[in-house]
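Labels for the chains are A, B, C and D, by order of writing; each one numbers its residues from 1.
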Amino acid sequence: MKINSVEIEDTFAEAFPIKISRVLITAVTEHWALEAAREATGFGTSVIGCPSEAGIECIVSGDDTPDGRPGVYIQICNMSYKNLEASLLNRIGQCILTAPTTSAFNGLPEAENQFDTGKKLSFFGDGYQKMMDNYFGRKVWKIPIISGDFIVEQAMGAVDGIAGGNFYILGQNQMAALVAAEAAVDAIRKIKGTITPFPGGVVASGSKVGSRYKGLKASTNTAFCASLREDGVCVLTEDVSAIYEIVINGINRQAIEESMRAGINAACKVPGILRVSAANFEGKLGPHQFKLHDILA
Amino acid sequence: MKINSVEIEDTFAEAFPIKISRVLITAVTEHWALEAAREATGFGTSVIGCPSEAGIECIVSGDDTPDGRPGVYIQICNMSYKNLEASLLNRIGQCILTAPTTSAFNGLPEAENQFDTGKKLSFFGDGYQKMMDNYFGRKVWKIPIISGDFIVEQAMGAVDGIAGGNFYILGQNQMAALVAAEAAVDAIRKIKGTITPFPGGVVASGSKVGSRYKGLKASTNTAFCASLREDGVCVLTEDVSAIYEIVINGINRQAIEESMRAGINAACKVPGILRVSAANFEGKLGPHQFKLHDILA
Amino acid sequence: MKINSVEIEDTFAEAFPIKISRVLITAVTEHWALEAAREATGFGTSVIGCPSEAGIECIVSGDDTPDGRPGVYIQICNMSYKNLEASLLNRIGQCILTAPTTSAFNGLPEAENQFDTGKKLSFFGDGYQKMMDNYFGRKVWKIPIISGDFIVEQAMGAVDGIAGGNFYILGQNQMAALVAAEAAVDAIRKIKGTITPFPGGVVASGSKVGSRYKGLKASTNTAFCASLREDGVCVLTEDVSAIYEIVINGINRQAIEESMRAGINAACKVPGILRVSAANFEGKLGPHQFKLHDILA
Amino acid sequence: MKINSVEIEDTFAEAFPIKISRVLITAVTEHWALEAAREATGFGTSVIGCPSEAGIECIVSGDDTPDGRPGVYIQICNMSYKNLEASLLNRIGQCILTAPTTSAFNGLPEAENQFDTGKKLSFFGDGYQKMMDNYFGRKVWKIPIISGDFIVEQAMGAVDGIAGGNFYILGQNQMAALVAAEAAVDAIRKIKGTITPFPGGVVASGSKVGSRYKGLKASTNTAFCASLREDGVCVLTEDVSAIYEIVINGINRQAIEESMRAGINAACKVPGILRVSAANFEGKLGPHQFKLHDILA
């Protein structure tokens, strides 16, 4: 299979179940909604070493937010609902409540699982917090802060989502692969329901499950390291000299498929891209499989 | 005392000891160094609910980095050296190693305390990592990754620093206080040795030590909430309707003083700013005091 | 009439006819499409002293561009079709052809007026330019350049549009008015068909038609200058201390109305905004009138 | 000669005399100083088709501006002092006077040539403008505008400068050359005295003097177009597939040399760069020569 003369390998991305919450941050300007979103989703690339996975999903105009202000959807992801609830409380409390002019709304109001995160946060008001039953149609807490009032929705929803959707961009050189990765992230940022949690949306250091050292759960994906060619462990053809990976989390299978499709199509338009592949681990990572040829058919 | 007709109150900022590491991230372009820095310093506003405090210190050109590429200094702060070492490992490993084209250098090579963070990270190389004794004058590990090689300095230094340096910007309205806060952060970003760890460098929700609820270590600083005027707990004069706080961490007292001076001077140039104050808590927060009048004399 | 407790004055914006072309710039990433768009629309605030009026209309994803790459729509506006054609040639030739990885497509393929701008630009190829009849459905020229090939559509469309749609944001102070102006521009940027040609989309220096000096076609709108209160020429009530204006050009009346509505609604959500008004000049500027109360009804 | 294994060709950049003015824009925040600077320097890549060449020189903190606010230096360049004076008047009047919160200071107060641009602009005040003899040490005009007062220095200096300093970055593919160009521009932006006037600082379409068509002063530099290899006019070796050019204007020879050195060194650090060259035209463009080997020795 080829897209724009870039070969799409006949392989699949292996992904795993995760719990996901989705928060809609609004602020006085898009700039300040984004500042809050960046802080709230930082240090959130992989649950291996971060307290959660997190990322910016998309930017929305005031037409698509309860309070009519510009907004940014973010996602926060943990392996269990218990840890997710704790993450939500900390990330909203430390990074959105503290950010200028922001409000935090439930990004999954229809979900079955609903945490009372807003209520828990409201105690910061030290007795002066107030519940409002119908703030633009939402049940919220108004917490007095030194810059005004912070509005946070009483409930925050969560769903069974998927983490680790992915594809590999194989480039003639590092810069071609990098710009293609950026183009892929641009495209995925326009799609609702998914995040690319790594820095700038890109993974420079794709890993394999396990390592030769005890206790290290993941290590560099040696088979795909061009710099290990002389060591005999690299399976890449000679023309490939660098790879970037895009990792995608999403609230359901469809969103991830759509994002993989948009991202791969975008990457294949960049000169110097030779092949697109994906990472899988014989089921050691998880049960979900995304076959590239099926998604791109 | 007045600066540009803005009254500087005769008070002081109360701050507390913290342990600080400083990492110099370099990358192929300033853009990618900043992307890595943002991810690595996110979810890092306050040790109350974040795994560490963290922020971007300043941007430097290739003239001021070991490898001649554009760079960004970040700081990571924890209450103990033990937790700081763990934070460093996780934040560099999850957010800089994974970021496109980055290298991570020791930002405090002269410090007495040096962690072997680079060595610990090198195991990600799964046996293919290599030590280099003199990489632009530094002892580093070269770790093969799918996009090329990741370079990380063997040692990462740490010092006894100070957290919680602060000032309050009292505005005629919320937007005046907000733009003044942004102007203050612009000024502080040019100064070496300090960070402003909150979202966009600004605190919307200045807190006091303790609360009426057991187990809640901090709560909204009621005395400075204009919206609590009718509740009788607000001590602000009638003309003030909103406050933003700038919180500053730094590797030493001088850097914090210089940043407070630059930030306050910048804020006082913004129309609609009425007064500058600072937060202190009768020693309940910490032993360090920064008197506004002394700093601005 | 009040929106969010901000008074909307019962007045209208006076606007004038202008000729508008619309170009769709695509590039390898959104970043590079925007860089080209900024250069191509700079020095383009007012036909009084600029060679044309110009601005960024909106950003689109690859789903909405002929070549599937991220895109930015820009508009270029002149008083006559003849000057517009010259402006198009110069701005595309100097600012888009010269920008990395860009292509330039016709943003008004259905318009009656079509210039052969692409053909004229193709001579830069010095004999090596080639016409392609069906490049993603468009008739284009492929011009060899040192970084690859530049693609420009043969025809560029133009329509009779409207310039000078506007509203005034009256603030308690300058910063409130400024942030409200930024919020308004954020909202207008999401809407197709219009641009806000001034710096950052905002006018700091609203003008009136004519002046006391011969030959000066426009001068400061003295009646709305709070700093001229003591001179007796300011008609503003005492509570207003600063105003920013949003000026809107658009390809038709509906687009301007929609943008005025979105922008005013956004501005009225910002604390410290007292009133919204509009500028009109007894017909001396032009025949088009946009009544605020009608638009917001 | 090699830098980081990239061959530096033994050639020179050919440049020509130009007249340059330098304006220091200050604003309430760095963000707004940059917005004004971008508008004021747009449509300013080449005097062939733009009303002037223009660009952002560097960003400075409040420590380095008369009024203590953040600032951006820009340069405006024309072939004659007469045209330069007109350009200054239009670009400052249309793009800086109209921008939120800006002031415009003389960036070359020591130059022999001084225009009275501030005085001419002051008539916009319609009789209410006021001269101030000592505004932070400068003689300025205060012009009342609807958002406050606009401050512009009475005199704006100009010098005999140089345009067209340049180098070519030859890449294995387009993306390598593009990222190297961005890295070069990052480095040059830190240096005082020069601008890179093309979009994002980069030229995608390096030209030669003249063409086969009468009246066309410049055309694509066929000898350096990899896509013309089969046409027999390309002199590039087979390994090169794309080139980006950096064009540099500066207030003196030293500044251009320093910028070329910084830019070339930065580009040579980017993987996939094969060679660095420069454009010259047997003296048909101008008398100034910058030998790469001399500059980099």
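Just so we're on the same page, contacts are C-beta pairs under 8 Å (C-beta built on N, C-alpha and C of every residue); 3 or more make two chains touch, one makes a residue touch a chain.
This is a predicted model, so every value here is computed, not measured.
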Between A-B and A-C, the pair with more C-beta contacts: A-B
Remotest chain, chain B as reference, centres from CA atoms: C
Distance between the centres, which are taken as Cα means, of chain C and chain B, whole angstrom: 39
Centre-of-Cα separation between chain B and chain A, whole angstrom: 25
Centre-to-centre distance between chain C and chain A (centres being mean Cα positions), rounded to whole Å: 34
Multi-partner residues of chain C (at least 2 other chains): 28, 148, 174-175, 178-179, 242, 270-271
Chain-level touch network, classified as line, ring, star, complete or other: complete
Of all residues in chain A, those that touch chain C in their complex: 28-31, 61-63, 67-70, 148, 179, 182-183, 186-187, 190, 262, 265-266, 269-271
Residue numbers on chain A that touch chain D, as the complex places them: 171-176, 178-180, 242, 270-272
In the complex with chain B, residue positions of chain A that touch it: 28, 32, 35-36, 38-46, 48-51, 54, 89-91, 93-102, 123-128, 143-150, 168, 174-175, 177-178, 181, 198-200, 202-207, 211-213, 216, 218-222, 224-228, 231, 233, 242-245
